[in-house]
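Naming follows writing order (A, B, C and D), and every chain is counted from residue 1.
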Amino acid sequence: MTDNIENTSPSDAQEKIGVYVCHCGTNIAGVVDVVQVANWAAQSLKHRGVVIAREYKFMCSSPGQDLIEKDIKELGLNRVIVAACSPHLHEKTFRTACANAGLNPYLCEMVSIREQVSWVHTDKVAATEKAKAAISGGVERVRHHVPLQPIIVPINPATLIVGGGIAGIQSALEIADAGFHVYLVEREPSIGGHMAQFDKTFPTLDCSACILTPKMNSVGTHPNITLLTWSEVEKVDGYVGNFSVTVRKKARKVDEELCTGCGICQEKCPKKVIDNVFEAGLGYRKAIYTPSPQSVPNRPVIDVPNCTYYEKGTCKACDIFCAPKAIRFDQEDQILTLNVGNIILATGYELFDARRIPNYGYGRLPNVFTSLEIERLTNAAGPTNGNVVMRDGKTTPKTVGIIHCVGSRDKNYNNYCSVICCMQSLKFAHLVHERTGAQVYNFYIDIRAAFKDYDEFYQRVLDEGTMFVRGKVAEVTDVPRNENERGKLIIQVEDTLVGKQRRIPVDMVILSAGLEPRKDSKEVAKTFGISCSVNGWFIEKHPKLDPIATMTEGIFIAGCAQGPKDIPASVAQGAAAAARVLGRIEQKEMALEPVRASVIEEKCSGCRICNGLCPFNAITFHEDRMVTEINPALCQGCGTCVAACPAGAITGTGFSNDQIMAQIEGLLMMNIEPEAVTA
Amino acid sequence: MTAKPKFAMYWAASCGGCEIAVLNIHEKILDVDANFDVVFWPVAMDAKYKDVEAMEDGSILLTLFNGGIRNDENEHIAKLLRKKSKILVAFGSCANEGCIPGLANLSNSHEIVETAFNTISTDNPNKVYPMASYSMPEGEIHIPTILPVLKTLDQVVDVDYYMPGCPPESHQIEAVVDLVVKVLQGKAQLPPKGSVIGAGNSTVCDECQRARNVKTIKSFERIWGVAPDPALCLLEQGIPCNGPATRSGCNARCPTAGAQCIGCYGPAEGVVDYGARLVSAFASVIDAKEPEEIDAILDGLVDPTGQFYRFNLAGSLLRAAAPAWKAESTHEKEKA
Amino acid sequence: MTQSFEPVIIGFTCNWCSYRAADLAGTARIKYPPNVRLIRLMCSGRLDPTFVFKALANGADGVMITGCHPGECHYIEQNYKALRRFQLMRRTLQGFGIDPARIRLVWASAAEGARFASEVASFVEEVRALGPLNWGKNGSVPARAAEAAMEKEEVPA
Amino acid sequence: MSDYILYPGCSMEASARAYYDSLKAISKPLGLNLREIEDWNCCGATEYLSVSKTPAYALIARNLALASNQANETHSVVAPCSACYLNLAKADYYMREQPKLGKTVNEALAAGNLHYVPGSLDIRHLLDVIVYDIGLDSVEKKVVQPLTGLRVVPYLGCMVPRPDYDHHWSDHEFPVELDFLLKVLGADVVDYPLKTECCGGHMPQISPSTAFEMLRRLISTADERDGDVMVTICPMCQLNIDGYQGEMNQFFGTNYHMPILFFTQLMGLAFGIEPKELGFGLELVSARNVLDTLGVKAPPETPPAPPRRPRKPEGLPMPTPLTKPQIEALKKEVVK
């Protein structure tokens, strides 16, 4: 039968392959007989096109590289095999060396005989044989390599930032200040995110509003920033350098141009609604509202489901009192299309729902509060003007228990550490004590106060006389066992330092709830074609060396969307993402690895098997010609469609069928001699 | 008369459909007669092997060889005709890729003989089995010995052109006849050696008129179990249609008639293993992520090996199942 | 023969997780049997069943397919395609009388060097127990490989 | 009709006959078809496992083995008694988790030609089956006499919700299934934080004073929260609170009168079944008050509005408690 290996396999004549075997000091030579391997390659792979085989102490050293470059020039090598360490380490090195010698870098292939041979095997004979097999595989493969050119794409200087929390704000300002346009899309009516809800920030205790509001305002007024609040991204097409993003601008029912933000409408609106977002369910807002007086933009939205007018068709109080007549009951959602070159996702986090741990009583016992509720309670602009009171709205607590790690570091809920809870709890301990003089207990597993000035803050809180009980709280109950427990909340805990069970009666319990990914993070990830961890946090390109980029070119992540972190870290990551984007913009264009799939149109029968397989939407189907096409800039080179095409009409550069099939043959030309191994 | 180039056609392990197909080109057959001197065509005219053996090497211009190599006689004639012919064409699915006779490669030759001579469908009360040789007054007579593994033509001899189909469609045969005649008259060039003639380079879907969308398969159905939408791609309806992987050239006969393609035209241009393509393609569009769920869906694919290799088994990478190979190895030993 | 039978196994790794797991096994000097020969793909989704059949037809005794853990694929969900192809491949191979245990699918993250090594070790033992496959005997091995095999004889050991 | 294999256990036939009678009475309207395991034996109660592991597991596993032999279409075993439920579940779980144990136990069973494949049965508590299989909606449909105005105290005891090997409950520490069930019956459900506290188990035999203190906590809290009756799912709890309430009162010089019933008895009442069929009168602390409360009130046409906790106008709003679908969603989350 027609075998495309045979057909397309280049005739032996035209290959001039150089094989370079590295000793890596003794790392390889200690186990693999590199000299024998080199000789073997020179002799028995001659008929496969090998014209020269050398071994050298350190191939990656400049003399080593010179060796290769020299041979390319003098012997006119047109293929190079380097048998050394993992390609992840030095592929770039050797490809560059080849390029320097005028050989297309993609005609160089690395064979790993260190990580995959010398370091994992002890039997010298077997290891040497395996090294030979690996090289023979490499040689067969490289014969089918073709020169490749990186794909160059232009970069649209505009940037989309999703999420108007502190991370998104930071990125937006950095890029806008650098003179490039930014679209900032925020789901809520105002930017500011969680930070806007806080009162003080640890460890310095400076007022959150004081440091955030100016930034919010400069975003609101910046000429280079188009602010799209009360909006959500619906669809992302295109690829790095040239994304086309569909945004739904939800109807505010208010004409933003005419509205002056005077706030009379909110005053006059008769409908009181519990504010579950900004006030964390502790306060009320009207049916027409801005989350807070500092909102940016300072333009209200009408909460349609709660508005009397939409319910009954009457009221219109807001409309009546609105001087500039900015109320638009008939306003519709708008669909906008933005063209941007890069995207930064800063979609933030959600608070762990403490009701999921019923034995802590949140939602059942009135005086159990969550951390976010306390942020609002302590906030001077909050529902109680900063008075820390119990659920009845007036009584001041005399004893307060703060429970750490609620929903974090707990295999029933989330295994991970939410990072901020320790410091946040210490902050509460300080604030509550300061405002109420109450005796505060902290119930912790470990105190994690790493980073600048954090532990000092811990010391300070200790000195203020806060009690620290090390142990996981079993339950919070209102069932007394004796008279001095009556009417209190009793915290049942094992004090692991004393080594006994304790029951500590308090007036108020604060649950330091953990951070969770946004409920819809997985859908968001799908929309933007990036990946999510099992928990739902966005996955960065590399956990250490590239925590900013994602596997999808042109999409960056910042803030808690990538994982729990505090304000300084979010700001840093926001700025870093901005820097990366600016770098791209400055280059005006970028080169993409040419490992890509492409369709041979005359072979494509338009069966559409491949159409649903690409998570990066690189595959499009042309109904008119009944053929499929792959957008090389969108393609990330995974090769799934290549493997799936029943007609063999899709080819993948860098990892073509010919290359892999040849490598298989090469690897299997050598068979293991039993005695060789047992020897 | 003698000036006319010589033509031969041979029937090895096959059903004879290919021969019918050639006759089925109607008056075009006259062109063949007009332009060729038919020297060897057992089905159509009497001829003896010794006559062929007597011919000069390369004296036959064109030989259409259909059928797979099932016994040593097939093998002998294949080699003989190779020697005598300038152009040897693997004609029809059997010679190309083994076809239905090739399915016997799933069992060993012993089982095959058993099935033929000792099953309920065979009226053989005295259990009479064929014998390789038998001596009678006139002397010892031999019958061909069956090979353990059916081979495709190009697994035993070098083949110039491949003409797929079970059988090749008559309009395709006509086209090829026209081409050859033109070549004889110096009006056309022969395609490069080794290429596939009388077929398209794409797949059946190319010629199929059914509408198709992005595919996600929740369950596989058997054609007789459902009433498929006549206008919609069968595979999308869960009917395992081999069209996407099968070489075009038949005008999508089966899908047009409402039956799924079973793949008689073999793999598309450049494909190494026909079945593997289908395994990959079908699995790719299954709509499930949990192993159990996937298995549940795959249970709907009865006999995947048969589904994917009905025509292509002998021509596939694995070529035959384990039992056949075992027989082969013992066979080799006997030879030695 | 079977005592000293050393299976030859072709392993397919994905560039992002399992190949890095193999690298990690190396840097951590975790030992495993030398019977497996690795091929790097960009993603387990690139795994074309043709490769597996080719490897078996060309004399491999087993094939190991590795990729990122489900849900952690660097191409988001392509490893699920690998999983589905794997399951259908097993069924098809069964039809060829090849024990499905000769192909194994392993998820290994870039951090799981040890797991990678132990999976290789256990797979080698499993295949060793199954005995040599040496598929197709004479004939099915393509000309080039045969030729190279001949070449090998001349090599001074 | 939903089929289940029933493992009654010893208490159902003695101390908890009310439980058994009421269960039989309600299973018909609920469409519960319970098939008792033939020749079942003791589950080992709470002691045996701490005395000697292997024989104890073998003792339990014998029941599982019998059940799986007698299982036909259904593979769910229902144990109404919490100790039985825990033991069966425990044996199944550890035989699964520790293959070695599974082996030894099966060796023991082999003596009686029995064998149990760990995990082959689905071991469920009655409450779990009623809430999640039959469903609160279908229970609600059967209610003819809502338990309006009756303040019931849901009490589960320690053995059913913990350790909850296969995640059957909304939460290990504070499961709310019983609360929801009683709400559906129209009762006024008391928020009872002690619902999974220990009732003292066998403390009355070992250290009465300890036991009484434990009982006092349970009963006094139920009383302080104006409970008319405690409702349980556990024969042991029922026995302790019912049987030792008198002595407890003597010990502390209190005079609590807190009847305790099985949830099945209240379901029976709500279904309009005769009290005597439901084993009323078998309890030591008389539950007449329950019948009176219901007796005087005629069932209203429309179900009464759910009880609302009065909120001080100037007070801060409370977060809403989780709804049942939310809980089920969370339950699924935990399972994954």
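In this section, a residue touches a chain if its C-beta (ideal position, glycine included) is under 8 Å from a C-beta of that chain, and two chains touch if they have at least 3 such contacts.
Source: prediction; values computed, not measured.
Trainee: Top contact pair of chains, counted by C-beta pairs?
Mentor: A-C
Trainee: Go ahead and note the Å separation of the Cα centroids belonging to subunit B and subunit D.
Mentor: 69
Trainee: Using mean CA coordinates as chain centres, what's the gap between subunit C and subunit D in Å?
Mentor: 53
Trainee: Calculate how many whole Å lie between the centre of subunit A and the centre of subunit D, each centre taken as the average of the chain's C-alpha atoms.
Mentor: Whole-Å distance between the two chain centres: 46.
Trainee: Provide the list of subunit B residues touching at least two other chains, using ranges where the numbers run on.
Mentor: 272, 277, 280, 284, 316 - these are the residues of subunit B that touch more than one other chain.
Trainee: Of all residues in subunit C, which are in touch with two or more distinct other chains?
Mentor: As it turns out, subunit C has residues touching two or more other chains at 48-50, 54, 77, 81, 85.
Trainee: Touching pairs of chains, which are they?
Mentor: Pairs flagged as touching, ordered by label: A-B, A-C, A-D, B-C.
Trainee: Can you check the complex and tell me which residues of subunit B touch subunit A?
Mentor: Where subunit B meets subunit A, its residues are 96-97, 152, 154, 162, 194, 196, 201-206, 212-216, 233, 235, 243-245, 248, 266-272, 277-278, 280-281, 284-285, 312, 315-316.
Trainee: State the interface residues of subunit C toward subunit A in the complex, per the touch definition above.
Mentor: 4-6, 8, 10, 19-20, 22-23, 25-27, 29-35, 37-43, 45-51, 54-55, 58-60, 71-78, 81, 85, 117, 142, 144-145, 147-149, 151-152, 154-155
Trainee: Residues of subunit B touching subunit C in their complex?
Mentor: Where subunit B meets subunit C, its residues are 106, 149, 151, 155, 272-273, 275-277, 279-280, 282-284, 286, 288-289, 291, 294-295, 298, 301, 303-306, 308-309, 316-323, 325, 328-329, 332.
Trainee: In the complex formed with subunit C, which residues of subunit A make contact?
Mentor: 3, 5-6, 40, 43-44, 47-48, 86-88, 112, 114-117, 119-123, 126-127, 129-130, 133-134, 136-137, 525-526, 529-534, 539, 551, 595, 613, 615-616, 636-640, 642-644, 652, 654-655, 657, 660-661, 663-665, 667-675, 677-678
Trainee: For a test of understanding, state which residues of subunit A touch subunit B in their complex under the given definition.
Mentor: It is residues 1-5, 7, 602-613, 621, 626, 640, 643-649, 657, 661 of subunit A that touch subunit B.
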